[in-house]
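Okay, handing you the structure first.
By written order: A, B and C. Residues from 1 in each chain.
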Amino acid sequence: MSALGVVGGIAQPVLIVAGSPLLVGVMRQVRARLEGRAGAGVRQPWRDLRKLLRKETITPRGTSEVFRIAPLLLVATSLVVAVVVPFVTTDSAIDPVADLFAVVALLALGAVALALAGLDTGTAFGGMGASREMTILALVEPTLLVAIFALSVRVGSTNLGAIVSSTLHDPARVLSPASLLAAVALIVVIVAETGRLPVDNPSTHLELTMVHEAMVLEYAGPDLALIELASAMRLSVFLGLLANLFLPWGIATAATPAALVVGVLALVVKVGLLGVVLAAGEVFLAKLRLFRVPELLAGSFLLALLAVAASYFLA
Amino acid sequence: MMLLVPVVLPLLGALVYLLFGWRRATAWVSAVSAGLLLAVAVTLAAGVTRSGPRTAMAGLLRADALSAYMLLVIAAVAVLATAATPAFLRTEINAGRATARTGTRHSLLVQLFLAAMTLAVLAANLGVVWVAIEATTIVTAFLVGQRRTRAAVEAAWKYVVICSAGIALALLGTIVLNFASTHAPGAAGLDLAALAAHADGLDPGVTRIAVVLLILGFGTKAGLAPLHAWLPDAHSQAPAPVSALMSGVLLSVAFYAILRVKVIADGALGTGFARAALLVMALTSLALAAALLIGIRDYKRMLAYSSIEHLGLVAFGAALGSPAALAAALLHVLGHGLAKAVLFLGAGQVLQLTGTSRVDGVRGLASRHPALAGCFGLGVLALVGLPPFSLFASELGIARAAFTAGLAWQTGLALVLVLVIGAALVNHTSRMLLGAAHDHPVPAASPVPVVLLAGLMVCAALGIAAGPVPVLLNSATHTLVVTR
Amino acid sequence: MSETLYVQLLDLACGGLLLTAVLVLWRRELAVIIRVFAVQGAALAALVAVLATREGSAELWAVAVGVLVLRAGVLPHLLRRALAGAGEARRETRPLVNVAASLLAAAVLTLLAYAVSQPLVALSPSAATQAIPVGVTVVLIGFFVLVTRRRALSQLVGFLLMDNGITAVGFLTTAGVGLVVELGVSLDVLLAVLVLQILTSRMRETFGDTDLDELRELRD
C-alpha cells in the first residue's frame, strides 16, 4: 500500500460523497435552464438530504430486514468503489479490490439489494420496478464487464489502476477502434445503469414507465436520504470511471500536494463536464419505450464484444 | 481469334435486335446465330482434341477440351431453344400476352445471355468466370420477370436476391483463393490452368475456406441444395425458351465453374475434401427433389425440381472423381440439357394450348395433341433414364463408377431417390397425357413439334452411338483428373 | 507515413466499417439505414486510401476515389431514390428476427468470423491481414440482414453490405484482384443494384408495397 494509494483512498470518498449531490444539483440546474425554468439551485439536493435525515424512520408494515439493510448496503458498496477506483490517484488504497470484476460485482450488489428491497415491500410498484431493473441489469452488467475487459486486454491486467496508467503512458490508444467501441458501449450502459433518459426518467413518477423510482417508492426519511445519496454517488462513480478510462489526464501519479490538487480539480472538471453534457442531452431526448430498452442494451453489448474482438485481433 | 468468335457471335445477334427490333425478317436471327455457334463449337472441339488447348486475347481466353465440350452443350441447347422461339413469341403476341417490343427485348437478352455463358466457359481466369456468371444472373432477371405478373415479378426478385447473394460468396472465395495464390510459388494469380498446375503449393487452410465458398456460391447458381430456393420459381415463371436455356445449360455452366474449382481443391487438399462437400450437396439435392416431386401440382415446377435432381446426379458423378465417373457426368450434362430443353419447350406449348400450368388442368393431352403429347412423354422417359436415351448410359456410368469407388451406401441412397423421383415424374406425366380430355373446346391447329423431335433424336442418338463425343469427353476428363 | 500511424488509421477505418454494419442492423428507419450505408462506403474508401498511401500507388488512389464515388455517392443515391418512390413504407417494422436478438446474433457472427478467418491471418501476418476478420464480419452481418429483413430495400442494403465486406477483404488480402476483375466486379454490382431497383419498382406496381411478406404465391 503506497502513500499515494492511502491519500487517494481518503480524498476520493470524501470528494465523491460531498460532490455527488452537487453534481445532481448541477445537472438539474442545467436542465432547468435549458427548459427555460429558474431551477432550484445547485445546493438543493443537499438541502433535500438534510431535511430527510432529520425525519424519523418509518418502514411499511410487513417488510423485513431486507428492506432496512438495502439502503446501507447500497451506500456501503458505493463508498467502497469510491475508495478503490482510481479517480484522483492512479494507486489504490486496497489494490486487489480495484479490480475490474470486483468493482462491477460491487456495483451489481448494490443494485440487486435495492431490487430485493423493492420486492420486499410487496406492493405492485416495488415488484414492477424490481423486475424492470433486473431486466436492464441482466444486459448492463455483462456489457460493463466486456467493455472494460476490452480495455484491459492490451494492458494484460484487469486492475483498473493499471489500465488507467497504461492509457496515460500511451495516449494514442484512446483512438483505437477497440477503445472507441468500448467507449460507446460504456456510455450506453452508464446511461441505463444510472437510470437516466432515454432508459428511465429520474424526474417523474409515472407508473407506466418508472424503473428506479418505482423501487424506492416506499422509502421515507433517513432511508430515502441514504438511497438518494447512494444513487448520486453511483452516478458520479460511473461518470468518473468513464472519464478516467478514456481521458485519464490530470490524475495524480505522485503523492505531492500539487499533483493531488491537480488530480482533484481534473476529476471535478471532467465529471462536471460529463454531467452537464448528459443533462443537456436529456433535454433533447424522449424516453424510449420500455420494450425497446433491451434492444438498446443488446446493441451496446454487441459493441462491447466487438471492442474485445478488435482489441484481440487488430494491432 | 477462333476463341473470340463464340462470344462475339451472340453479341452481334444482340446488336441486330437492338438496331432492327423483333420482326418477321429478324425472327430467325437468333436461331441462325445459335446454329453458327454450334458450327464454331464443333470446329473448336475438333481442333482442341487434335492439337491441345489454345489461348487468345493475351491469355484471357483459353479453350481446352472441357471448355470446348461445354461450348458444344451451350450451342446444342441454344439451337433447340432459339429455333422454337419464333413460334413461341408469335403465339404469345397473338394471344395478347406480349408485344413486338417484348419480342425484341426477349431476343436481345437471350443473345446477351448466350454471350455471357460462352464467355464463362472460355475464360481462362477465375475472376472473369465469376463476372460472366454474375452477368448471366443480371441478364436473365429480366427474362424471368418478362410476363410482369405477380408471380413472375416475385420469381425474378427471389432469383436475383438469392443468386446474387450466392454468387457474392463465390466472389469472396475467388478473393481468398487469389490471396492463397499470391503467397504460393508459381505466381498463378487467378489463371485456372496455372492454379491447377501449381495447386499443391497453395496453403491448405486458406484454400479450404476458398473452396467451400466457391462451391457454395457457384452451387447456388447450379441449383444445388441448400441454396436452391430460387430455381423452381424462376424456371416455372420464365418464358419457355428461357426456361429451356436456364435449366439446360445455365445450371451446367455454373457447375462447370465448380468442376474447375474441384481440380484446384483436389490438387491442394487431396481428393477427399471437395468430394465430401459435393457428396453432401448432391445427396441433399436428390432428397429434396424426391420429397417435393411426389406432391407437385405444377408441371413446370416438376421439370424444375427434376433439374435439381439431375444436377445432383452430376455433382455425385463429379464427387467420385474417377475418369469414368467424370465422363459419365459430362455426358449427363449434355443429355440432360437436350432432354430438359425439349421438355420445357413442350411444356411452354402445353401452357399456351391449355392456359394452365397445373398438372390437373391438362388431362388427356394425348387425345387432343398426339404429337406434342408423344414428344413430352418421350422426353420424360428420357429424363427418367430409360434407354435408348443418353441419360440411361450416363446414369449407368455414374452408378458403376460409384460402386467401384466403394461408396456403397451413398450410391444405394442415391439410386433409391432417383427411383422415387422417376416414379413421381411418370405418375404426374401420365396424369397429364392420358385419360379423357376436359370437354372445353380444343384449339384447332396443333403445331407439329419438329424442334422437340429433333432434340429427342439427338439425345437418343447419343445414347445409342456416341460417335466422336467420347474422344472429346476423354480429353475433357484428362483436364479434371488430378494424379496425386 | 509512419508504421504506427498507418496501423492506427487502418484500424480506425476498419472500426468504422464494423460500427456502420452494426448500425444497419440496429436501426429501423430506412432513411437512416441508407445514410449509415453511405458512411460505410466512405469508411471503405478511407481504408483503400490508407492502403494507397502506404503502397504509394497512384492506381490504388484512383480505385479509392472510385470506391468513394460508387459506394458513398451513386449507390446511396439510387437507394434514396427508390425510398422516395416507396411512399409511407419507410420503416423496417417487423424483421423476421427482432432487433435485440439480431444484435446478439451479430455478436455470435463476429466470433464466427474471427474463428473462420484465422488461416487467412496466419498465412501472412501483417496489420492489413489482421483486419480481414472485420471484412468477414461485415459479410456475415450483410448476409444476416439479407435473410432476416422483409422490406425489399433492406434486403438490398444487406446485399450491398455483403459486397462492401467482400471488397474490404479483397483490398486487405492483396491490393486488389487485378484491375480487369475489379472493374468487372464493380460494374456487376452496379448492374445488380439497377436490376434490383427496377424489380423493386415493378414489385410496387404489382403488389402495391415492397414488403416481402406479400411474396407468397410461389410455394410448394
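Here is the rule we use: a contact is a pair of C-beta atoms (placed from the backbone, for glycine too) under 8 Å apart; a residue touches a chain by one contact, two chains touch by 3 or more.
Computed from a predicted structure; not experimentally measured.
Averaging Cα atoms per chain gives one point for each, and the point farthest from that of chain C is the centre of A. Of all chains shown, C has the CA centroid lying nearest to the centroid of every protein CA atom. Rounded to a whole number, the gap between the C-alpha centres of chain A and chain B is 64 angstrom. One simple way to say how far apart two chains are is to compare their mean CA positions; for chain A and chain C this gives 37 Å. If each chain is reduced to the centroid of its CA atoms, chain B and chain C end up 31 Å from each other. Across the interface of their complex, chain C is touched by residues 172, 175-178, 180-181, 184, 294-295, 297-299, 301-303, 305-306, 309-310, 312-315 of chain A. Of all residues in chain C, those touching chain B in their complex are 116-120, 122-124, 139, 143, 146, 152, 155, 159, 162-163, 166, 169-170, 173-174, 177-178, 180-181, 184-185, 188, 191-192, 195-196, 198-200, 202-203, 206-207, 212, 215, 217-218, 220.
Within the complex formed with chain C, the chain B residues making contact are 60, 125, 127-128, 130-131, 134-135, 137-138, 141-142, 145, 148-151, 153-158, 160-161, 164-165, 168, 171-172, 174-176, 178-180, 182-183, 189-190, 203, 205-206, 208-209, 232-233, 236-237, 292, 295-296, 301. Within the complex formed with chain A, the residues of chain C that make contact are 4, 7-8, 11-12, 14-16, 18-19, 22, 26, 98-101, 103-104, 106-107, 110-111, 114, 121, 127, 130-131, 133-134.
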